[in-house]
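All chains are identified by letter, namely A, B, C and D, in their written order; residue positions are counted from 1 within each chain.
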Amino acid sequence: MSLQQKLYGLLDAENGSRAAHRMRVLEIVLILVGIGAVAVGTMNDLVPAHHGLAATLTGIVATVFLVEYLVRLWVAPASPHISDALSPLVARWRWAVSAEGLIDLLAILPMAVILSGNAKLGADSSAAFVLLWVVKLATHAPGVSLIARVVSNERSALSAVAILFVIVLISGATLAYFVEEAAQPADFSSIPSALWWAIVTLTTTGYGDVVPKTGLGRMIGGVLMVSGIAVLALLAGILANGFAEEVKRREFVRIWELVAKVPFFADIGAIAISDIVVRLRSRNFPAGAVILRRGTPGDSMYFIVSGEVEVRIGARPVYLREGAFFGEMALLDRRPRAADVIAVTPCTTLVLDVADFYQIAGQQPALIQAIEAEAKRRQAANKATPSEGPK
Amino acid sequence: MSLQQKLYGLLDAENGSRAAHRMRVLEIVLILVGIGAVAVGTMNDLVPAHHGLAATLTGIVATVFLVEYLVRLWVAPASPHISDALSPLVARWRWAVSAEGLIDLLAILPMAVILSGNAKLGADSSAAFVLLWVVKLATHAPGVSLIARVVSNERSALSAVAILFVIVLISGATLAYFVEEAAQPADFSSIPSALWWAIVTLTTTGYGDVVPKTGLGRMIGGVLMVSGIAVLALLAGILANGFAEEVKRREFVRIWELVAKVPFFADIGAIAISDIVVRLRSRNFPAGAVILRRGTPGDSMYFIVSGEVEVRIGARPVYLREGAFFGEMALLDRRPRAADVIAVTPCTTLVLDVADFYQIAGQQPALIQAIEAEAKRRQAANKATPSEGPK
Amino acid sequence: MSLQQKLYGLLDAENGSRAAHRMRVLEIVLILVGIGAVAVGTMNDLVPAHHGLAATLTGIVATVFLVEYLVRLWVAPASPHISDALSPLVARWRWAVSAEGLIDLLAILPMAVILSGNAKLGADSSAAFVLLWVVKLATHAPGVSLIARVVSNERSALSAVAILFVIVLISGATLAYFVEEAAQPADFSSIPSALWWAIVTLTTTGYGDVVPKTGLGRMIGGVLMVSGIAVLALLAGILANGFAEEVKRREFVRIWELVAKVPFFADIGAIAISDIVVRLRSRNFPAGAVILRRGTPGDSMYFIVSGEVEVRIGARPVYLREGAFFGEMALLDRRPRAADVIAVTPCTTLVLDVADFYQIAGQQPALIQAIEAEAKRRQAANKATPSEGPK
Amino acid sequence: MSLQQKLYGLLDAENGSRAAHRMRVLEIVLILVGIGAVAVGTMNDLVPAHHGLAATLTGIVATVFLVEYLVRLWVAPASPHISDALSPLVARWRWAVSAEGLIDLLAILPMAVILSGNAKLGADSSAAFVLLWVVKLATHAPGVSLIARVVSNERSALSAVAILFVIVLISGATLAYFVEEAAQPADFSSIPSALWWAIVTLTTTGYGDVVPKTGLGRMIGGVLMVSGIAVLALLAGILANGFAEEVKRREFVRIWELVAKVPFFADIGAIAISDIVVRLRSRNFPAGAVILRRGTPGDSMYFIVSGEVEVRIGARPVYLREGAFFGEMALLDRRPRAADVIAVTPCTTLVLDVADFYQIAGQQPALIQAIEAEAKRRQAANKATPSEGPK
């Protein structure tokens, strides 16, 4: 793999590797530091030293973004998303004029202003670049695309709630305008003025800068507040359902890809796999983490996707690697854990809960039999070894 | 089809066609513009030119509504909802005295006031018509009926929460009245006065115009705030469940109707179809949209309900039309997408996720076999064609 | 049935009849009117006539409650909840000392104060009775028991959230006390004082009477606000799930009882019935309501539990009574409704959605065959009748 | 069992016994009393007697914590969580340097300050110890670990919402800074100042200390408020789903352990048990509680895990103990309850709802047959006994 391809992989938003993940976290931290530095730079009552520090930080972040932009431009030909029959130059141009390329270009603009050396201009206008960096943050943040998809899936329901919101808002503002104009000509002078009060009330923000004084106005206010709560509840209901569905869908694809890496599941047909995939969850452990603790109730078993674990049973620990599974004995015997299991290296595992284990057992008896056979083999091996600890 | 019937179809709220949908969006935009113009017209500190613009806009919107009213009256005999053995005159009368007809009639009243030429009266009273247009908005907005149905389905649970809300509200106000009256005789002079404070607190709006001063009063306030949060949470819970159920029900009917248009599903019995319908989602793509991208994980397949797509695989692209499906290879082989698929015309598709695909495969093996046969046929055809791109 | 038993039935909270339902609604309205009258009576700036009206209304409501108390006492022996081997006197005593009896007794206390003739005392102390009537409202309101059950079911999760709330509240108040005491010695003089600010902030009420001034204090405030939103979200999540489960459980019992009244389901075994019960919903229609409208999509069928409907198909309408079903043709043929169906008397129906219809068809083919046979019989009968309308 | 082991069991957070549960409740109450006493001690306008009382209470609570610390240190060797091949001294050292040990150590620090006799220092600095006790509260509170697990499971979705929150917050603050700085130079002097307004608005707290004055600023405010509601709704949706899943998972393990104690389920294989476990709920009754009431609808049956109940049917009551079941007749016959059932001792039961009963009946006919056989045996026994009460 060339350096270009390696760098591309590191910067690819869809790369699931540990290094790429760290790169993304670093990127987000950098953007937040940059935004913080620019924000602090707008404070007038700061000592000059702090102003200088903020300016330096802003400069560093902007420089890193410049380097990042150039690297991304250079590695663009390695992208499978850009049609592969293209010459490197055309590929780079395509990336440069893509949404991502333009946003990354805008994000290095503050650099130019800072380099211009005009301190006044730098302090004043660089504040505007906070917004550019926020946009960069939005495109690089994980999960924003998930939320965007949920909003898009539920757009018809959400637009219905939006229309309802507008209906309540306008009705409330208009009625309050008629009722309160006489008592408070300044705050309720027109429907647009009343709208400010209505939105502050409907969202239950309640600044208190405009407050109805008449009995009727207070009644309208009360109805608006309760409506606000109802709108919020509706919104929560819609988003809760949409979110649950989308997460389930993505999780399926993610687990599906992990399952493909476990040899144990290789022989099972695609239909049976589908039954199992919906029941598995993935869980990561750092090196040294205690995955299972002896004596605790046995509520799940684990399949190792990557990494190595140490099973502390008997005198000599057993080591398990990719493709192996553990924790199945407590499920088969309905007894507490008989061993500690510790992650030797960072581990990615697939977890199968006891309820799902038995439900799969009913549907795929062969799978459970394979697990039982392996468990018996291990117990025999364990007994053969002279052991001092409890079992 | 006569002009009358065509116009009726365009204005029919239940018509799912693209043109009728645009008509409904246009209607809502018009109402919002009209409301905005009237609202701006109530501002006193506006320059005369802006006042004139607002008045003109109001007039235009009112005129459009007048025309709309007359058209709707004319096309009423084409409605299947109005008993069809009637003479056109009786059918029009029936529509005119229906809820929809009366609301549309009220919505053109501002017209009359504006035509009266009395500027003062026009500016003052036309504000009142905002409310009439809000009612029109509510009847024409999509999704409002969905929310109304959810509220109606959950009315017993919602009324329980309403009673609970009233109980907490009245208890809080009465207790605060006893506790705070001595300290703040103006704001807590009676139970109705205390109710204003209680509702502002219970909805967590918190204007701050009335605030308890005594320790006991603050405790009552704290309990009210926490109760407010609990009531909101209960409401969200009820509406979330009700919404999910109603949406599922409507979605079933909608997908059912789309499935009926796909020849591929025609041979399957109604019982089997029911299994598939609950697993399909519909998705629309504008012309030119990239539906599938080569190299991304294959997590779903698509059935084309209407429109045409271009499959960019090999040297010569393949075109697929209504009734065809695509994206099934990635599901069958568990590999990334091998081709880009782009919408040539606006497309309506039915999407089947990988998890559902394999679950259907378990229940309806014949269906999956038909898909597999088609996939093999296509792969053979593709191989026969000399191709330059990767597969 | 004796008058005593009839009256008992009318007042029984678990009686599902229409008359008993109206009685309960009347009771709640009466309590609300009474509370309203007492509340208005506490206003000092009222004209004497209104004061008199409020006092009169309070007196009437209190008198009705007195009569109600005596009636409930008299009918107590008819209650199956009170052990039936008792003499009437003992049964009445048991009711009188039950929670319900004591609350109803307390609710007539205002009567005594009003009768004492002391106007000053009446106005002052009767306000306190609002609280007694609120308690009466809570015991008679439908659905309050449902909410109480949900809260009881979820008490361990709810208490966890409450502890979390207390932890955040106390931490926030203590930190703010240290940070803000120097800047605002009056508002943050002690931890209890700071607690007031903390609860107003954590519930996002935000009166604005106490506001942090220092940068650190504002940061603590920001964390409290965000925590408040998270606590609310957690609460909503817990209550949403608990509510959905409890409603499903109650609905099952309610539908179960309705299904027992439909002869069509009589022959089906209890296990099969259980499958069907979870899929049915009940729906009531007032006399004259249009249940089905010709031309609309056929998304459900109906079983009549009580009442009579008119099916307007062909020249002579068909009338259907308890135990009959309708709307099944659109489901079997996948076509729009062929007839209008109107409720002749108030009707209680069980609704079966199309998705559930086909799922039942897969599990209970005999049931669907019975429906199909009936549908064919009707179509034949319909054709035999000379008809003028469309089919 | 030695005193050391008994004490360990009593203090073990995972011990499900009644005594250990009471111990935990007592611990939480003690911490709350201690926090309350310290908090009151910070009030300056208190009479000296109250100050003295607060100081005494603080001292008592601190002393109890000291004793608790020593006891926990002493019983550490009995813990199965600390590797058992260790000498008692090493085991104690391990506990002392564990997170729990250090927190408990910090919680007794106030003791030292109070003992120093410096009243001024005691009053001032002991306030800081509130925070230490809050941490102790967090580690001992039940359910906090459940919430922590939910947050950990949903961390990717939650971090997406957090990023979204930050994006909206920073955008809103920056825009408001540009728009409002001219009109309100004091409140919007820099981006950090504007951030205070933005967070108060985005969380819909709305203190009202900073309020936008310009039209554009108010529009930004309105968007922030609505965004705040949407963020809250998203959060609620994520937490609701995560909570439901985690609770279901824990409930399965808990019910699983209870089922293992009921002999009736002993013969059933693990796969069948899994089907039943997901349908059972546990419910505790204090001695004397009425579990079933004659005449109410029969919607569930009960299995006794521990305790004894009295079935009041016929002349002589029947007593049932661990392993027995009751309430099955109403389910089998679809009739109201025929007997009152009262808890004689505190009871733990497993409840099976009617819907689940019939669904299990379809899957595990043998189980239901066993229940029916037992029911018939009991009815025969009941008839043989001369009875006076109704059946």
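Everything that follows uses one rule, which is that contacts are C-beta pairs under 8 Å (C-beta built on N, C-alpha and C of every residue); 3 or more make two chains touch, one makes a residue touch a chain.
A quick note: this is a predicted structure, and the numbers were derived from the prediction, not measured.
Annotation of subunit C and subunit D: jointly contacted by A, B, touch as defined at the top.
Fitting subunit A to subunit B on Cα positions gives a rotation angle of 90°, stated in steps of 5. One simple way to say how far apart two chains are is to compare their mean CA positions; for subunit A and subunit D this gives 27 Å.
Chain centres here are Cα averages; for subunit B and subunit D they lie 39 Å apart. Residue positions of subunit A with contacts to 2 or more other chains are 192, 204-208, 228, 232-233, 236-238, 240-241. Interface residues of subunit D facing subunit A in the complex, by the touch rule stated above, are 14, 80-81, 84-85, 156-157, 159-161, 163-164, 166-167, 170-171, 173-175, 177-178, 189-193, 195, 201, 204-208, 211, 215, 218, 221-222, 225-226, 228-230, 232-234, 236-238, 240-241, 249, 252-253, 256-257, 260, 270-271, 273-275, 277-278. Of all residues in subunit D, only 28, 32, 35, 38-40, 42-45, 127-128, 130-131, 134, 137-138, 141-144, 146-147, 165, 192, 196, 199-200, 203-209, 228, 231-232, 235-236, 238-244, 247, 293-297, 299, 332, 334, 353-355, 357-359, 361-362, 388-390 touch subunit C in the complex they form. Of all residues in subunit B, those touching subunit D in their complex are 204-208, 233, 236-237, 240.
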